[in-house]
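One chain, chain A, appears in both complexes that follow, with chain B as partner in the first and chain C in the second.
This part shows the complex of A and B:
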């Protein structure tokens, strides 16, 4: 079985985000990048399938700061092949990314066809679309999103997957392979890998860099302005030590007859 | 933007979702502002009766097809794209819920139309529509324009009160044929309901919600103590569920439950839109977060910039003391 995992870097929102002087984009100066959290679940799902059934796992990620570390970490966890797609800067947009991958991936020897293409179901900067269904549409393979369990019957060319609905309800679906799945979760949190193993992977190298071919995407949506959200309201802030604020909250609860 | 405004009605397990009525209320404003018709689109099989509650629309377009019975996005997106290609709407509003997720992802590809994601506000301005989208987990808002239609808009839950999208006389329902080829690659088999036995967090008056900011599993215990003192239960955000620190049925938000307790403490939760849509209507919300700019503080009534676990511990103590 062949599995392709798409990962991408997104701004780390633990850091303070600032708007650039153009008023329409993030100030890159203090921006740090981390891997889109859902993509880590996509990788884990691929590795679980590899552990269970045997598979070769190829990880593909657009070039971005820190992406090499993410790719080598994937290798240390068990990925077989690492591909970095250059010429598609972070923030290119889901539309342009999917369009470029749709022409770039088929040109990479041995990357496609894959039985499964897995990607995180959404990223925090997906303003103009979701990469997974856009790419599925372009590649002409079935797509299902918000998946959190995957089991494959390779002989039958089918997968059974669980999709999350609200309130703990799961839907069971049958998907014909090859297919593209947007991953929301996993039966287990992403595996831990010791730093020494990551260092060894970095030492061994082996990231293949591939230049993206430009795809044809619809005109992107235009960002006229970017700003911190105007809130309809803001919390009244309580100050003091943990004990002080706890007493204040208890006062508020008591005043409302909640204690 | 000459075409009509469409709102894709979401019918799941036999009823129209609140997110549909919320988007319908927004659609009503946009259609009136643009001077066009507001049409609700309902896709299903033997589901025509559900159209009766969509009276805030000027009319309902109903597509009946066996392949649309289970709401599989592979098929609904094909039907909707075919219908849109034939009729040329200007805007297609789709509620951003797990039910409409796949339709939302696939429709822009099938229609070769732009998508405006994470839309939490839209206003008519200068003959067009200006959208506001929440990006980066709610930390930034983008003002967005999109060219000529059709434009697909992913409307965040809570964009308007659901009540504002209800009412009106039963609308005229036009049964239309969508000329699409069934994909067949995805088949719905069954729903699995959560195991009974755990607490139902939607029935609690007091909820202590924990997020990634509580740092480790041991601190869930501290939240349990506060919940016990209050007479409520512990719930959590996605990462806490992903880690297996709490079971899936304790999740609050888009993929979890929508809760309206009398008191909700959000401890170490950033306030991403996918979380806040599930708790923003709680009567009293207190948020504890180390980051003074965390989006949760725009939803909470009271905010505390402190270590989450320290505050939970102190609050449990204070509550126990008051209750004697």
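This part shows the complex of A and C:
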């Protein structure tokens, strides 16, 4: 079985994001990138399938700061092939990103066809989770998103997929392979790999750099302006003794007709 | 009394253990079981040091390294202190064995995983912003210069460390220390956002690669500046700088804030005039107390505070009871709970409450959250508060 995992870097929000002086982009001075959390689950799901059934796992990620560390960490966890795609414009929007991946992935030798393509189901710069289904459409394979568990019947060429719905309802789907799955979670949290193994992977090298293919007709999104949300209101902190605070809470509830 | 020793082999592994004198000495274990008897988790730990040595000696190596049993070792130095053969169990044997355990562990407990991953990425186990490492300085009320801003050498480079820099109650310790250093006229500075975890707990839980990475980063930063000595608020960082970093080139004296201030008590004493009126019991931490035998210094400081009376717990000095936070234990509470282990900090706090003291004084920033949690769990938080020795000294300090 061949599994392709799509991972990407997103801004790390542990530091406050600042708007750059051009008013249209993020200030790069303290900006760090971190792997999209859902993509870590996509990798874990691939590795779980590899552990159980045997598979070759190829990880593909657009070039970005610190992406090499992420790829080597994937290698230390058990990924077989690491590919870094250069020349993909960052922040170009879901449609353009999906279109660019749709022409680039088939051009990477040996990457496609894959039995399964796994991606995070969303990212902080793709909250609607459009990239993966648009890519599936372009590649002509079925897509299931918000997936939290995958099992594969390789002989039958099918995968059983658990999807989570609102209210704690789970749905079980069967999908023929090849397919693209948008991973929300999996049965285990992403595995920890000791830093010594990552350092060994870095020492061994082996990331393949591949230029993104040209030839997509989809124009990238242009950012006209970027601004922090304005605070619309503030929480009121009630001060005083427990008795005072209780009375104030009662007054507030009464004033709103809730008592 | 066993003495802490500088590690002379910086990259010791289980494979190379028998190439070192300390490693070869392990072969002379007489299998007496004192280590198991004294271990705070001796009743629940399957592979006590005695059994580990026995298995390794007989070639049951993979059996000894399989499973998560050794995550229950909180590196309290109790086996190290009491071994009649003087074997270096906590500082030599356990780290190299635990490194191999961690490499084989199919699933690292999530809390520990987060702490290790955060320390790797952000330089602190909480996953806080590296840029905000010195945010506490704004509320210090006294000057706390950044070394990079000073542009000159300083006598003392103060490594605040993660819990004192980020944890809200730890910041009380940092602010108190800053006031004391200013009162003493110490020429000091901090690294601020350039500071990263010293990595000792990562080393002792078996994450040697993480420790190596942090050590390289810290030594690179130290190399940028000129300073006379290192001072730290964290006993674990003290151990790392005093015993592990020297083999890789750190050649400055290292001190912990408690003995550092105690050594300058005469200069401080005229200003310690605020009446506290506390009955205090002091908890000796495993690292500063048992490993480094710093017992008299904190007591001297506390006895010098006006209106303070000191009472001792049953287990004190080298016989202290572990808070359970060392060697990764800080991030394994849920794991221990799931295993049904007793919470070690609860045992310690029960003993502290039995003294009738109203303050439990500590010198390690890990102990504040651990003991405060235990006081709440045991229903003792209306009778006792936890305070770092630095907080108490600063409270007695007249402005």
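Details
Just so we're on the same page, the second predicted complex is superposed on the first by the 220 of 259 C-alpha atoms of A that agree within 3 Å, B and C clash if a C-alpha of one lies under 4 Å from a C-alpha of the other, contacts with A are read in each partner's own complex, and residues count from 1 in each chain.
Here is the rule we go by: a contact is a pair of C-beta atoms (placed from the backbone, for glycine too) under 8 Å apart; a residue touches a chain by one contact, two chains touch by 3 or more.
Keep in mind the model is a prediction, meaning the values are calculated, not measured.
When both complexes are overlaid on chain A, the residue A:197 reaches chain C alone and has no touch with chain B. When both complexes are overlaid on chain A, the residue A:189 reaches chain B and chain C alike.
By the touch criterion stated above, A:155 is placed in contact with neither chain B nor chain C. By the touch criterion defined above, A:142 lies against chain B but remains apart from chain C after alignment on the C-alpha atoms of chain A. Set against each other, chain B and chain C touch different numbers of residues in chain A, with B touching more. By the touch criterion stated above, A:34 is placed in contact with chain C alone, chain B being left untouched.
Within the superposed three-chain model, A:255 lies out of touch with both chain B and chain C [touch as defined at top].
Of the residues of chain A, those at positions 14, 16, 188-189 touch chain B in one of the two structures and chain C in the other.
By the touch criterion given at the top, residues 12, 72-74, 97-99, 101-102, 104-106, 108-110, 112-118, 130, 133-147, 183-194, 202, 205-206, 239, 241-244, 248-249, 251, 254-258, 262-263, 270, 272, 284-287, 291, 293, 295, 297-307, 310-311, 313-315, 317-319, 321-323 of chain B touch chain A in their complex. Those residues of chain C whose C-beta lies close enough to touch chain A in the complex are 99, 102-103, 106-108, 110, 112-113, 116-117, 120-122, 127-131, 206-210, 212-213.
On the chain A side of its complex with chain B, the touching residues are 11, 13-14, 16-17, 19, 26, 37, 41, 95, 98, 121, 124-130, 132-134, 136-138, 141-146, 160, 162-176, 179, 182, 184-186, 188-189, 218-238, 242-243, 245-247, 249-250, 252-254, 256, 258-259. Against chain C, in their complex, chain A makes its touches with residues 14-16, 30, 34, 188-189, 191-192, 194-199.
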